[in-house]
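Next up, some structures in structure tokens.
One chain, subunit A, links the two complexes that follow: it is found with subunit B in the first and with subunit C in the second.
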Partner chain A sequence: ESHIQYERVGADVTMKCGSMDWDAAVTWTANGTDIDESHLNGSYLILKNVDLSHSGQYSCYEGSSWHLKYLTYLRVGTPPKEPVLMCRSNNYPKGFYCSWHLPTPTYIPNSFNISVIHGTKDMVCEKDAVPKNRCHIRYLQLFSTVKYKVTLTVTNALGKNFTTLTFDEFAIVKPDPPESVVAKPVPNNPRRLEVSWQNPSSWPDPESFPLKFFLRYRPLILDQWQHVELSDGTSHTITDAYAGKEYIIQVAAKDNDIGTWSDWSVAVHATPWTEEPKHLTTEAQITETTSASTSSFMAPPTTKICDKGAVVGSGAMAVCWTAGLVVAAYSVLFI
Partner chain B sequence: SPTGDSWGIFTFLCAALCNLPALPALNCSEELGAGQSIQQTYDLTRYLEHQLRTLAGTYLNYLGPPFNEPDFNPPRLARAERVPSATVDLDLWRGLTDNARLAANYRAYSRLLCYLRVLDSQVGTAELRHRLAHFCASLQGLVLSIGGVMSSLGYPLPAGPAGSPVPPGAPAAPNDFLKKMDDFWLLKELQTWLWRSAKDFNRLKKKVPPAMVTLRLEAREF
Partner chain C sequence: MAAADSPFTALRHDLCSRGIRLAGKMRADVINLLDAYVEQQGLDASSSVAAVEGVPLAAVERWDEQTGTQRLLENLAAYRAFRALLAQMLEEQQEQLGEADMGLGRALAAVLLQVSAFTYHLEELLRLESCGIPGEEGDGTPPPPCLSLFEQKLRGLGVLRELAQWAVRSMRDLRQLAKPGLPTGAAPGLAESP
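Our next item is the complex of A and B:
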């Protein structure tokens, strides 16, 4: 014989050995470990101010025969706090979904019941297999003036709690972020980046319910975003990118007329097209044949300066460093 | 916003001038294609929706609690059924012909305009009267604009002249609270219709390609 016993954190717990009398002689074990008599009140096991670590399997045995009389599974937990409920329509006009969770765990099993009322009508929110704690509803009517009222009740062995959401059909429309965002440099255009994306696949009817988009971009080295709002089309060319700088780009979507903006899409990175420094290589080759240096022909100008002005001794290092600093200062101006 | 207002006024004027029936061909002998009229009508609905937000806020505050509470969610009384509802079965809405779609909008706004004008004549404060008058003018422009689209597509205008007095048989509210409920539902239906129209005209935009500006030299038939 056995049963599961649910108790609150901090409670004093009394476990009985099945139907045995108070004065019967029994021994208790917790998860196989003996429990000493100080915890016993007659044949009852007393645990004071329990915490989560007390959860486990408690067995009581008849005194002399070591016959297992009763098995108690103790589960220490808490009654549910007010659940967090969210409803959203990412597939307008098909319907909406609601998802929920508990703000803090209860450590014991909970059951959820969701009810949706539209005016006087009860609607059924079909539970999703995956993810759990989510259900969806199909709209039967569009453009309704009557609000939807969603009530979520959570119950466990130690108590229950609930929360309610009331909203208009239009207020919960929020598409998923745009998909397949791609950003590419434009050949021979050092300040352009071509960005393209697709409507979120969950949006069922972009023809009749078009989306508008919001693009944001910035070079990695800066904190401030630039924004562009686009009322149609799924591509845009950035024309004011800083040459040679890597950019981070994101796109968001919104129904043209109602609801709120989606979350930002996955970020993509791109750097505008830059010219290959081919002519510098040829120049280096020419200078090499005239000077006696044997530096590799891929050397950047700094090394050249140093090599050209090479003077034996510590003076040479000073020249190299100064030249390097001058070039560094000059390039910072371009950022 | 000031820019929004001037843009809106421009759109309204354009719609009114270019679609006003019984006007002989003006200096503008060019007639905008149906596609661009649909765009204008769409823009008008967005402008009106924006205007309504301010108007409704002011009006509901004038009605006082509970009407101006955001959670106010009363059951729909039978008497509220007089106001044309935008609510429609999803498949039915999808399957509407262009003519039916436009006619539903035309009829709804014509009647809503009537009710709003009644409201205007009864309302207390000067500020509200001013706002309501402005809104009614814009709404009248919308009705005309929709009528214009229907004409340019060759559809007959629905029967019953716009701007007629309140339809006969509509019982006056027996008490002050019910009168306020009527006003509340009127504003709510208006708001929903404007949201719906945006979607209606989006659909029409796709089905009627934006025509190039066409020269219409023959006299218009009215």
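Our next item is the complex of A and C:
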């Protein structure tokens, strides 16, 4: 014979050896380890001020025969605290879901019961397979001023607790964040970034229930965000980016008319277009090599000794060579 | 069925867009009026108000299955009722407070004007859809019941709350109506997501 015995943390626990008399000779073990007789009161096992470590399998054996008489699975835990309940509609106008959790663990099994009332009507909240602490409801009515009342009761062997949420249809509408946010530089525009995104896939009908968006962006080197609210479309061009600085960008969504803003999307990074630094021409590179071996004097990279784009014909070539010789001669003077 | 870019479709789309903007503005003003009304009437904003006779409820089942004509007719009936209810509220307000609270009276009058304008706009849409516009005699509100002052205030709260809901419903209805390629008699229905 066996049973599960649930006890509160801090309680004094008495375990009986099944139907054995108080004065029967018995031996107790805890998880296979003998228990000292000092914990016994007759055939009863007494554990004082139990804590979580006392949880386990307690076996009671008849004294002489070591015949197992009774098995007690002791589970030490706590009654449930008030659960935390949240309800939200991320797929309006289809329905909403409620999810819950306990603020602190009880260490023993809990069962949850949820009731949803709309006016006088009881509604069924269908439990999700995954995650287990969630259920969803389909709206039977839209545009109702009557509030929804959701009560969640949590029960375990040591007690019960509950919480209630009351809300109206519009207040809990909160889309998921926009998806597939992409930010790209705009060619030949050092201060622009093109950002695009998609409606969250959980939002069932963006055409009839359009979303508006909030975009925020800042260069990584600064803490302050810039914000832009966009009432339509799923793209925006930032035109005031700092040239050459890497930006972090996020987008949030909200139903155009009701509810609250989504969480921010996953952040994306982008740097505006910058002009490629001009490389020196072959002639200039030779000149550079010559002068580098004699001194540290180097023409700065922006100095165009020979503009690659302007080098056409032997005349320009001659100018480049001449410039190279002059630089070489000048360098020697500085040895 | 009208082609997507026909003059009819373009006009319907234009009327619907303007209607959506009207309804949006109306809703914003009603919400502001609600806040002022609750405060000045000494009411609790979270009070539940039972459905009051004559106040059209915005709540609807199977909203996505309604045809365009149904939407327009239900909207029209509702706003005609609100027009009468708001006129009544304005009269009661003036009787109760007289000159003492002109701000609330002015705000009520402004919303009443918007409701009248929106009613007319709905009639325009119905004419465009070649639907007959029902006469007003059939959907006038019943004579005002004898209510205590507190009951009048609660009724007013109910009226404004339902009007705010209707404004949202109207925006949604007009967006459905504005969908291209949709004849007024058809029920669009929401696409079921997997």
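Things worth noting here:
Following the convention adopted for this analysis, the second predicted complex is superposed on the first by the 282 of 335 C-alpha atoms of A that agree within 3 Å, B and C clash if a C-alpha of one lies under 4 Å from a C-alpha of the other, contacts with A are read in each partner's own complex, and residues count from 1 in each chain.
We take it that a contact is a pair of C-beta atoms (placed from the backbone, for glycine too) under 8 Å apart; a residue touches a chain by one contact, two chains touch by 3 or more.
This is a predicted model, so every value here is computed, not measured.
Superposition of the two complexes onto subunit A shows a clash between subunit B and subunit C. Of the two partner chains, subunit B and subunit C are each touched by A:258. After overlaying the two complexes on the shared chain, residue contacts for A:228 are found with neither subunit B nor subunit C. Legend: residue contacts after superposition of the two complexes on their common chain; A:4 is shown touching neither subunit B nor subunit C.
By the document's definition of touching, of the two partners only subunit B reaches A:120; subunit C does not.
Once the two complexes are overlaid on the shared chain, A:204 sits against subunit C while remaining clear of subunit B.
Of the two partner chains placed around the shared chain by superposition, subunit B is the only one that A:149 touches, whereas subunit C remains out of contact. In the superposed model, A:52 lies in contact with neither subunit B nor subunit C.
In the superposition on the C-alpha atoms of chain A, the part of subunit A touched by subunit B in one complex and by subunit C in the other spans residues 93, 140-147, 170, 207-210, 257-258. On the side of subunit A, the complex with subunit B involves touching residues 93, 119-120, 139-147, 149, 166, 170, 207-210, 256-258. Interface residues of subunit B facing subunit A in the complex, by the touch rule stated above, are 46, 49, 71, 73, 75-76, 85-90, 93-94, 185, 188-189, 191-193, 195-196, 198-199, 202-203, 206. Against subunit C, the residues of subunit A that register as touching in their complex are 91, 93-94, 140-147, 170, 204-205, 207-210, 257-258. On the side of subunit C, the complex with subunit A involves touching residues 24, 27, 48-49, 57-61, 63-64, 161-162, 165-166, 168-169, 171-172, 175-176, 179, 188, 190-191, 193.
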